[in-house]
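Working notes, beginning with the structure itself.
Lettered A, B, C and D in written order, each chain numbered from 1.
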Amino acid sequence: MATRDMSRWETAICRVVSDGDTEEIIVRGHRMSELIGKLTFAEMMFLMLQGKLPTQPQARTLDALLVASIEHGIAPPSMIARCYASYGTPIQAAMAAGVNAFGDRMGGLGEQMARLLVERLALHAKGSPLSDALLRREAEAIVDEARRAGTRVPGFGIPLHGADPRAPRVLDVARREGTFGDYCRLGMEIEAALARARGGKGVPMNIDGVGAVVALDLGFDWRATRVFLITPRTVSFAAHFLEEQDQDTTWRHLPAGQINYTGREPSS
Amino acid sequence: MATRDMSRWETAICRVVSDGDTEEIIVRGHRMSELIGKLTFAEMMFLMLQGKLPTQPQARTLDALLVASIEHGIAPPSMIARCYASYGTPIQAAMAAGVNAFGDRMGGLGEQMARLLVERLALHAKGSPLSDALLRREAEAIVDEARRAGTRVPGFGIPLHGADPRAPRVLDVARREGTFGDYCRLGMEIEAALARARGGKGVPMNIDGVGAVVALDLGFDWRATRVFLITPRTVSFAAHFLEEQDQDTTWRHLPAGQINYTGREPSS
Amino acid sequence: MATRDMSRWETAICRVVSDGDTEEIIVRGHRMSELIGKLTFAEMMFLMLQGKLPTQPQARTLDALLVASIEHGIAPPSMIARCYASYGTPIQAAMAAGVNAFGDRMGGLGEQMARLLVERLALHAKGSPLSDALLRREAEAIVDEARRAGTRVPGFGIPLHGADPRAPRVLDVARREGTFGDYCRLGMEIEAALARARGGKGVPMNIDGVGAVVALDLGFDWRATRVFLITPRTVSFAAHFLEEQDQDTTWRHLPAGQINYTGREPSS
Amino acid sequence: MATRDMSRWETAICRVVSDGDTEEIIVRGHRMSELIGKLTFAEMMFLMLQGKLPTQPQARTLDALLVASIEHGIAPPSMIARCYASYGTPIQAAMAAGVNAFGDRMGGLGEQMARLLVERLALHAKGSPLSDALLRREAEAIVDEARRAGTRVPGFGIPLHGADPRAPRVLDVARREGTFGDYCRLGMEIEAALARARGGKGVPMNIDGVGAVVALDLGFDWRATRVFLITPRTVSFAAHFLEEQDQDTTWRHLPAGQINYTGREPSS
């Protein structure tokens, strides 16, 4: 592989040109100086990742998703950022450790769901809404496949909590704004199919799953799913880091009583 | 130290209560379900970090700052995120490596400036704007101190570029919105004092410096200065990561011709 | 899931007991105070990961593998650690960024190979060396499968370099020490099968591949394969970080001429 | 700053030359192929960081230090690596998060001590051992300065444990091997001065402090102090990551009962 010259870089995202005393920054075909003071962060984020500006309903839906994902208390990954504060790291290290903790079981489930749904719907015509019947069939196929494989459908079910109030609220905003499209509808069909498979007992789409379908209906790449969790959560990392610093804690660790040693003892 | 029980955690940021089948999330005294669909990301970020909602001018100024800091081309730290893509890491690892790269010479200078300015103005009465004369004296003291120490005033001067168009644009927004306060004014006085000290040749406040003074005038803690660079830039990390993945590059490295070995050769 | 109590932790690796004024540290059934001054680092690493002490030939083979993986010039991931130094991060951040860069295309290929080989040989009887004929059949099946899937066998071929002198040297040490077992033999059979499939043109096992088979023959878990690259390379990260700091470079970035903007220009 | 060409890199650590089909790797003036199978990891680490081979007593002392620092149970930073395993990250991400956690209050104290001691002894003649009287005066000055500043001398005292058995054991090895030099002696003098200042009650040099003085007497740069904690501890990160993976835990978090919300409640 790699006959490509690795010292050459190519990008369609941004051009920075220093021309003597002045510099020009073009982002996705727009002058940065014209975007500042005009766009909200959500609009700019949309432009960065999709290369075009969102409609107002799209921007408001994205804001709802970002707001919903910003905070969830002293739980992972913000818990990690607080630990770091107590170990005396700089703030960016704590934020990085929080970001890096978004593994396959934290945030990753939304990405897995997004990928799965994109692959399923890739076979069908684009441009016009898919029929309810088709989405129902796809949903049943997805649920069936998971059941046969003995796995869960990623993005559904809430392992640690009662019903998460964020998920339905974000879907409400998508409905209100008219951005509730094929992927959101497929998500609801999967929810219904899961309930039927379990004799009525619901397994609601969780916030990871809602983030996935809402972002897909906004037009984002499935590979960006995790970003809508990570970027807002960096604010939580910062807030918790600073609060922990204010408390001047030293070296967050487990009480000895919570640890059980099951290994060998020295022979003598 | 540490008689404090490290298994106890305390926070005023967020409360999550699972009550049987439902969960309630309170953020800074607000129900999360009431914030979703109502606040923009910038407003929510303000609430998270300050514990109160911003005014509309404050929110618009924060949006301007976030938009300005989102992208600067294939330069560090986004360059690092692209390298990671070529090494086959997951997206969150690339974003984490970008975040963690905000060291004392990248983003850190804004924080150093914010701290310096807060310490200087801490001595003066709060609540009403400080006089021009007082700010000028402080600015001159800061420039003088740096000159005597043989250092630069952090947040001024643009090592690699011509004049950065982002910095004056963000200040314009602050002026327009009426959020241009004592810290922005002090920044301008330092710029003027630097010009006088150099016989007229300007050393403009750069985007790190502008971020610092604007954030301080919005009421943020100086320790949060870096956050206004890091959080928006995570979007750039994601965009560059995905673009590099699309290009399917393998293992970004330096051309051998750019590396010069100055060490010993084997004796035989 | 998760009826398990997540506040309880269990480990067979280490027990630390503070008993009033003294503390006792037991590692894998040995008193730490008896290991210090007695074991080399490689012996201790073996004990940590396998729960038992190595033989002298095993320890010497592990040392050879660690030495071989410690350094490879200003290339990724050590290049990343140097960049970090120029951005003014602390040393641990630079080391962390180097570690985190070991993605699926850097170091990960050795792990993929190790997993593949373990899965193939899991079907066969353990305890006595496998026959040449059996290993040859397995090697051919592996090569055939990769060919049909249109992929490479991980751990073979050297994308960027000429023949890497480290790989054969580590295998020599394994032969000399008598630790050259079924996995090393299978690796050589794959090399031979690849050569036959290509009409004689060799595709040698690279250092990632050699690391994988040597570590497996030493008894390590395939999931630890990456560790034998990462742990020694942290020394390289430190050495390059300090050298870059001594050079007092500012902000490693790409020359503008190496970047090509392919995006849109502003419409006006 | 930065007229220097940032696309040029210079190093005295390693030269890699690909010459057609073969590659040569020179590390610190030695051919890599001659080092593999000859050096232990500790010897190679010494060569990498100091540019010369250690004596046998130096290598054995370094081994003792690395062994002592490899493991300390389910405590930070290994606790972080276990959390990451439960979040479903790859092993290198968990190792990176462990490394990045070595902040100013974890590992950083040894570096602060090393720097302090190097600055104090920089004023005195090198090459021959310093007199007991001089070291005692320096120790008293250091203790006095800390007392007046209301701070601790970094590297002394063990906040969370009883007497750490590792620290005296590593010093014993240094004594046995004849590598117990001016810095170790100064460390002991500080210990004695602290005891005198407290009316006899000892404040022993902890493992961070011992690591600092032993590494300095081995000839290492004070800026490398943290490396002797980080590099060995990466093995612990891997061991704990794999054990946690085997336990298949889901999402390590705090029990709700350990978290206390002190913030505002919604007004209605």
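The rule we apply is simple: a residue touches a chain if its C-beta (ideal position, glycine included) is under 8 Å from a C-beta of that chain, and two chains touch if they have at least 3 such contacts.
Every value quoted in this text rests on a predicted model; they were computed, and no experiment measured them.
In the CA-based superposition of subunit C onto subunit D, the rotation angle is 180 degrees, rounded to steps of 5. Chain centres here are means of the Cα atoms, and by that rule the chain farthest away from subunit A is D. Subunit A and subunit B have CA centres that are 23 Å apart.
Centre-to-centre spacing of subunit A and subunit D amounts to 37 Å, using the average Cα coordinate of each chain. Here the CA centre of subunit A is 31 Å from the CA centre of subunit C. Of all residues in subunit B, those that touch two or more other chains are 1-2, 7, 9-16, 18, 73-75, 86, 90, 92-93, 96-97, 100-103, 159-160, 250-254, 258-259.
Partner subunit A is touched in their complex by these residues of subunit B: 1-2, 4-7, 9-16, 18-25, 27, 32-33, 35-37, 39-42, 44-45, 48-49, 60, 63-64, 66-68, 70-75, 82, 86, 91-93, 95-97, 99-103, 107, 160-166, 169-170, 172-173, 176, 221, 223-224, 226-227, 230-232, 234-236, 238-240, 242-243, 245, 247, 249-255, 258.
By the touch criterion given at the top, residues 1-2, 7-18, 26, 28-31, 34, 51, 90, 92-93, 96, 100, 159-160, 254, 256, 258-267 of subunit A touch subunit C in their complex. Taken in their complex, subunit B has these residues touching subunit C: 73-77, 79-80, 83-84, 86-90, 93, 96-97, 100-106, 108, 159-160, 250-254, 259.
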